[in-house]
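Should a chain be cited, it is by its letter among A, B, C and D, assigned in written order, with residues numbered from 1 in that chain.
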Amino acid sequence: MTEPVILVDPLPRTLDLIMEPDVRARLERLGRLVISEDKPMDAATIDALLPETVLIFGQTDMPRERLDRAPKLKAIINVESNFLPNVDYEACQQRGIAVITPGSAFASPVAEAALGLALDLARGITAADRAFRAGKEEYGLAGNRDTFRFAGAPVGLIGFGDLGRTLRDLIRPFRNPVKVYDPWLPAEIIERSDCMAASLDEVLATSKVIFVFASVTSENQHFIGAAEFARMQKGTAFLLMSRAAVVDFPAMLEAIESGHITAAVDVFPEEPVAPDDPVRQIEGMILSAHRTGGTVDALYAIGRMAVADAELILRGLPPQLCRRADPAIASRLRSKPVSVT
Amino acid sequence: MTEPVILVDPLPRTLDLIMEPDVRARLERLGRLVISEDKPMDAATIDALLPETVLIFGQTDMPRERLDRAPKLKAIINVESNFLPNVDYEACQQRGIAVITPGSAFASPVAEAALGLALDLARGITAADRAFRAGKEEYGLAGNRDTFRFAGAPVGLIGFGDLGRTLRDLIRPFRNPVKVYDPWLPAEIIERSDCMAASLDEVLATSKVIFVFASVTSENQHFIGAAEFARMQKGTAFLLMSRAAVVDFPAMLEAIESGHITAAVDVFPEEPVAPDDPVRQIEGMILSAHRTGGTVDALYAIGRMAVADAELILRGLPPQLCRRADPAIASRLRSKPVSVT
Amino acid sequence: MTEPVILVDPLPRTLDLIMEPDVRARLERLGRLVISEDKPMDAATIDALLPETVLIFGQTDMPRERLDRAPKLKAIINVESNFLPNVDYEACQQRGIAVITPGSAFASPVAEAALGLALDLARGITAADRAFRAGKEEYGLAGNRDTFRFAGAPVGLIGFGDLGRTLRDLIRPFRNPVKVYDPWLPAEIIERSDCMAASLDEVLATSKVIFVFASVTSENQHFIGAAEFARMQKGTAFLLMSRAAVVDFPAMLEAIESGHITAAVDVFPEEPVAPDDPVRQIEGMILSAHRTGGTVDALYAIGRMAVADAELILRGLPPQLCRRADPAIASRLRSKPVSVT
Amino acid sequence: MTEPVILVDPLPRTLDLIMEPDVRARLERLGRLVISEDKPMDAATIDALLPETVLIFGQTDMPRERLDRAPKLKAIINVESNFLPNVDYEACQQRGIAVITPGSAFASPVAEAALGLALDLARGITAADRAFRAGKEEYGLAGNRDTFRFAGAPVGLIGFGDLGRTLRDLIRPFRNPVKVYDPWLPAEIIERSDCMAASLDEVLATSKVIFVFASVTSENQHFIGAAEFARMQKGTAFLLMSRAAVVDFPAMLEAIESGHITAAVDVFPEEPVAPDDPVRQIEGMILSAHRTGGTVDALYAIGRMAVADAELILRGLPPQLCRRADPAIASRLRSKPVSVT
């Protein structure tokens, strides 16, 4: 009997980046690993191995023709974390092939950083440090003229997937009232987390701190634009954590520069940002170079979650840690693949 | 029958700073207010009123001779928040006069800022913003080379009064193991907050993030010096939140400049800091101008707590919100009075 | 264009039992309801309506032949909460038909009752009441000779689905160390809930309170038998909450009668229990007539969750509140349908 | 120099009941123990030792004359937990002698039992067990006709000292709205625990579950009488946990027997209850023989807290674990000393 094959095609990740030795050892117990880390796995190798392949770790193109030739395939585990249109999701569903991603591994580091950024905007930490270095610090009460307490401030979440829920749990000790706008979710699930389901307009108009955790889809690009920024209260702290494309970026910068809002931004329309981009000098903004999620521990969590679910799937059990690609949703998503990890 | 008198002598605070109108109205229902806000209350006024005085709101000198002439006095409520040696604490205790302060009102804003600063040091928020503005940002994983996750990192608390306990509750969602050094507390009370009681040395050597919340006493000035900084692990985040005098400041700066630790500092040996003080240009440090506690809401909380306890005391009940001055402790404290609110 | 049809075939439930008027109104907005509540829907009606049916609410037999004739069918929502072998789960998966159940609605009332029963066994509440009525009560410390504190006691959970996780959250304030045996789950997911993954043997041997929340499958009937009861510590409190068939019932009764363990039992091999069954007189046991889950609010939650997910599915979105039938799992389950709601 | 003396006069407790060996060893390091456990310490011994006594562990009578002869006395630690009028509290305060009790040690076991009893009343656990034993059980939904969910039910607390606050924390996962009536506390402190301060009338009229944790004072005996029971909603669960004297006991029994309320009662006007007292046969009531507090662990906690605070006091620091006797409060309390531990 032939040994089961596991295709490992993880670019832009590498196995070492996402697996500590004990986790890799667990993966190796599941089958024979065939690995391509320096370039995407070549078609000839894939085609030769598909008949014995039980798992794909990575972002290999898997149209219907390839699925047809992989009768033993049980799961495709996307370790980059964005579902791209290079897999025939519907055909996978018909064949009972799980297409999953451990993308929620990034929720913990991003939410932690988001809270740090929110506390920073509320209490003026980075701005006050810059003022101190410029010899313009103010002491005590005077130094708090433009600050507010994060504790108890009305919070709005736009998007309530893994990220939103993780942030929600981090801020529980601060006792904020939390409103959530997420058109893909029923109110019931939002209320279970002690949040109120609300319209976008209500979230914008009533929140002192707004976190954007929404995915980009074919339908929501730039859905936060000039009108939406105008709806916010003066002094709102706005945190753009998920995808630059959900906001009208120039409108956001205009709202910051005018002093209407403050902001913390982790994602930019073009990365790296041009050396002379004026965004680099805007006051009222904290600049973060797409670095809130890419921590060493998050990448190791990617590997650990992927392997744990692979173990379950090969035992005939459903995965527990990764998120499934829902064909209906996957076809709407418009994330760019990451070029820098 | 004479109306009871309440002396209001709140400098460096003013009544408006610490009381919203509804709270002031509650205070006015307790007796006739005699107020001195532009200067400390003059001795003649005090002496004339002491026989009918039931409450003192403020920092009036109260030696034994004055206490002797205030037979109806029930409480002295220090609204500045540091117990100074201008009150005969022992004589007050003998007469059943409560000497109390609502100083714990500052615990919430300081702890919130302390968490913001700790997340900032761990994840490099302010430093990354500065790098971005200088055109030297790094994206993704590369941008996290010198960062660590606050979640799960070993935390050490030096001092476990109101501040330490409030911070401890704020960080619960991050699931840090927490060690506490506080020589005034039994292990039992530290363990109730799910922390481990530890020696100073153990806290220094095993924590990734160290918060200093200790009061200054006659015994502990500069107790964190060069030897203590050397005990810390490389890369420790050190937060000085309470009093500058508990550390050997030059030794701390040396530990930061050498790259051994990073730090966030809210208190300085001399405030304001001199314009040309080289501390203003140190990398690896977040500078905060004694501004983490002095928020508008904290000052209002001072007034609300003071009045609520005054109401209880005048009903013959023990105070519930303010801290009592323990004569033994009060005589050891060496805080400077605040000159800036 | 024909109006979409929703088949409502909810026996042994009825619509009124599971839907408050506002929820029913939401359901009616989704299509034309065709309802059979007094008997299972007759085959002729079903066959006539399948071509226009978009949703099935209930337990209608759905073999492949019927699925073939229901091209618009989007979901089968089982409102009884046990997946039975009367649906071709694999065919549904191939066609992208969601087969789901809001069975987790019972987790909240069952977990609440389970905690009540556990506190009762630990502290001897029901037993002490019976002794008091018999004139044999003991006061104070003497009355606690055979009791233990639930707070801090080692807890073991057998099965960690909705029920186990809900119970786990309810007991957080008691700070118990919690071990979990669930062979279908990776350690990672157990640890996220601050529990330790453990073998069955370890759970049995080290827990002071053991909750059984496991489903019955073709493989685990009677897996807790005489040997397993013998592994428990003397005085263990054993709570049988999920299905009688997972334990060897006579072996359990023997362990209770001998005084080796105490128990609370909500499920019995035959229900109703025979009038003369000696189980009715056993000391050391709390008897509960399969009544921990069937509360009014749980049935309404069934309806609310089902309708909320139906709304999502008809918008092309994935369900969020109900659990999906995994074909692999569904085929292993061996629950009896409930005859009494 | 003479060794300091510690008088140990703990009746009705004994040292072995309240101290494990390691705790006793800590006590012995503080001074020479002079112990009287079989009877109250005789006056001659006391009088001979007072000049060298630094601590009293127990309930020794301490009028002013004795205090006058104990110049080194630092603390009186009441290990029975009720402040009785046999100590001159005012004289102690004048001399800076701490009079304290570790009575909050009972809060944890009592609150745990109170939650068990409340879940029992809400879900009908003891009553259903009795019905099952009588062959009258009802299954499923039918068995829940007279029950309600504790989760989310409006809760009222009468008294918000250690007991009330401990219970409040235990029920957090159930998300009840909680109203508190406590005339000795400001609203501010009640709101910090996420409760609403309310009048007695409002608590009675709007709560589904009412816990009585109030102390008895000279002013509040029998303050919950016929009129108060009439104000409760039909079906209210009433838990009498603290002192029988706060209720009009016959009025309570009448409210239970009429089916207006259900109740759980841990304290009775006369204990032991007479063998033929009809209270033993009342339906709708759970009987508990003053046994919710007297657990082995609570007694050991008494000793541990007492010794930890003794250590602090002898170091010149304020106690942290025990409650101080406030002279104003102590003179109002009317607890009977416990005769049974």
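We take it that a residue touches a chain if its C-beta (ideal position, glycine included) is under 8 Å from a C-beta of that chain, and two chains touch if they have at least 3 such contacts.
All figures in this text were calculated on a predicted structure; none of them were measured in a lab.
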By label, the chains that touch chain A as well as chain B are none
Dist(centroid_CA(chain A), centroid_CA(chain D)) in Å evaluates to 51
Separation of the C-alpha centres, chain B versus chain D, in whole Å, is 34
So chain A residues touching two or more other chains come to none
Contact graph of the chains (line, ring, star, complete, other): ring
So the touching chain pairs work out to A-B, A-C, B-D, C-D
Listed in rising order, chain A residues that touch chain B in their complex are 17, 108-109, 112-113, 115-117, 119-120, 122-123, 125-126, 128-130, 132-133, 135, 137-144, 147, 149-151, 169-174, 271-273, 275, 280-281, 286-292, 294-297, 299, 338, 340-341
The answer for chain B against chain D in the complex is residues 90, 93-96, 184-189, 304-305, 308-309, 311-312, 316-318, 320-321, 326-329
